[in-house]
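Following are the structures in question.
Same chain, two partners: subunit A is paired with subunit B first, then with subunit C.
Showing the complex of A and B:
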């Protein structure tokens, strides 16, 4: 049981060839790009969702921040679709890998910090010291603010990894428990199965919420620096 | 294929790749530096562990390891790894 618990997180290979890149590229096939003035239902629904999300997410940004619209929308679509596809049985979820999430978090966070330092240097550096700080506390607070700045990409990546991994592990454990209890006590197995169904519904919500939280935080870091 | 890639990807995305995402390219460079540092540190620590293992088993007593010794050591390491996999 212990051996099989973590096998779903091993990067998949097919005859010795790693196929992770194909799996990462797979969600883009499910999201067709609009090519006509009036598209079919699937593309229209997709367009409507993207428009709704982009309006909500980009309303706080100025002109400079809105140039990142494509990046932010791609990010939320990618993470959301990858997380949802990972809920299929026996599938591999790239967002359970910390390396993948760090690979998304570090460039985006560093990009926002670089924008702030490039276009609004004084304002960016002023973020290291909150307004109204008492004079004796200034050195300590600058250190704390610097640490909190550098923790941001780590927190972004670890939050997504931990949430998705924990959810998958729980589903695996409770599913295994349901199967084991079926031969012991049917009623207990039914209760465990109900818990499993509720957990799966929760995981659907978590998949979308985590995508939204990741993108929203990147958007907030961008807003602070533009 | 390259022409269709240029026509469908590069031409529409050129203003993004060249102007909007300049800072993101900088972030990607920073990330690649971090990855390089981590990988080289890992290789160095593994090489150091290998040298300690080799010296404790009597290899390289003149501070030089012959290619034959190196090959035998490498085979021993691979056998250890395979045995580890078989046991689990």
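Showing the complex of A and C:
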């Protein structure tokens, strides 16, 4: 039994730092760009998925919000492909690093706030005070709403990081436990089954991307329209 | 007819001329980028960009990716081989 570093495979996989850039750019190889009217099967499948997702996602917005289509679609493709590639054995998932998720969350959130403040100043400032609050509660509520606004990017980043990291860690631990228990079987079958189920559920990491972009999208919607 | 070494294709180069052929390749960044681009399109057009492509095209890439990551972590994985005494 080897418990030397069961948590050494945590997330800060300390490879020679330059390689990280290559690993981040790797999913782009798997997403070729369409060039003809009828492409090969890989590109057709991806085109179909992108069209399906974009229709679903951009139906809420008005014309101004739909200018963000490219940004949102590339965001969901990037996070989706990166998370799915992280499920392969031994691979490194860049989205487990909080630095990267903060780098994605803060500029996008700030962009939505800036758009709201610039084009609809009164409406976006009015978001700080929900309708129908009793008069004495107003100062406290404004403070609470401000805090909840500034927590949005942090929540976006930390949510993604924590979910992916926790999933990977669980897989490592349960896999290690299964190996160790192999010599003492009958429990092995149960734990292996738990691994399988956990992995399937984890493959709804794609659902996490959905959550990410959706949350971003809701925020954009509220700031831009209404 | 005497073709200079510079312009021969790899299969036509004799074994003795191999070092000079390698050294005359274009190692500027543009040349290296061109080499990667040619390699990528060669693989893409052979396995993916075909009329009835299958899962093999993309799964070979994923298998190579797994191998690459395995080689990257080999140092830490060495300790986890199934042995009686570590």
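We adopt the following convention: the second predicted complex is superposed on the first by the 169 of 226 C-alpha atoms of A that agree within 3 Å, B and C clash if a C-alpha of one lies under 4 Å from a C-alpha of the other, contacts with A are read in each partner's own complex, and residues count from 1 in each chain.
Convention: contacts are C-beta pairs under 8 Å (C-beta built on N, C-alpha and C of every residue); 3 or more make two chains touch, one makes a residue touch a chain.
Just so we're clear, the structure is a prediction, and the values are computed from it rather than from any experiment.
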Subunit B versus subunit C as contact partner of A:183, first or second or both or neither: neither
Which superposed partner A:40 touches (first subunit B, second subunit C, both, neither): second
Touched partner set for A:109, first subunit B, second subunit C, both or neither: first
Partner chain in contact with A:59 - subunit B first, subunit C second, else both or neither: neither
Contacts of A:92 with subunit B and subunit C, given as first, second, both or neither: second
More subunit A residues in contact - subunit B or subunit C: C
Subunit B and subunit C contact sites that coincide on subunit A, given as residue numbers: none
In the complex, subunit C residues that touch subunit A: 40, 44, 48-53, 57-58, 61-62, 65-66, 69-70, 72-73, 76-77, 79-80, 86
Subunit A residues within the subunit C interface of the complex: 2, 4-5, 8-9, 13, 15, 19, 26, 29-30, 32, 39-42, 85, 88-92
Subunit B to subunit A touching residues, read off their complex: 16, 20-21, 23-24, 26-28, 30-31, 34, 88
Subunit A residues touching subunit B - in the complex, by the definition given at the top: 3, 67-68, 70-71, 102-103, 106-112, 114-115, 118
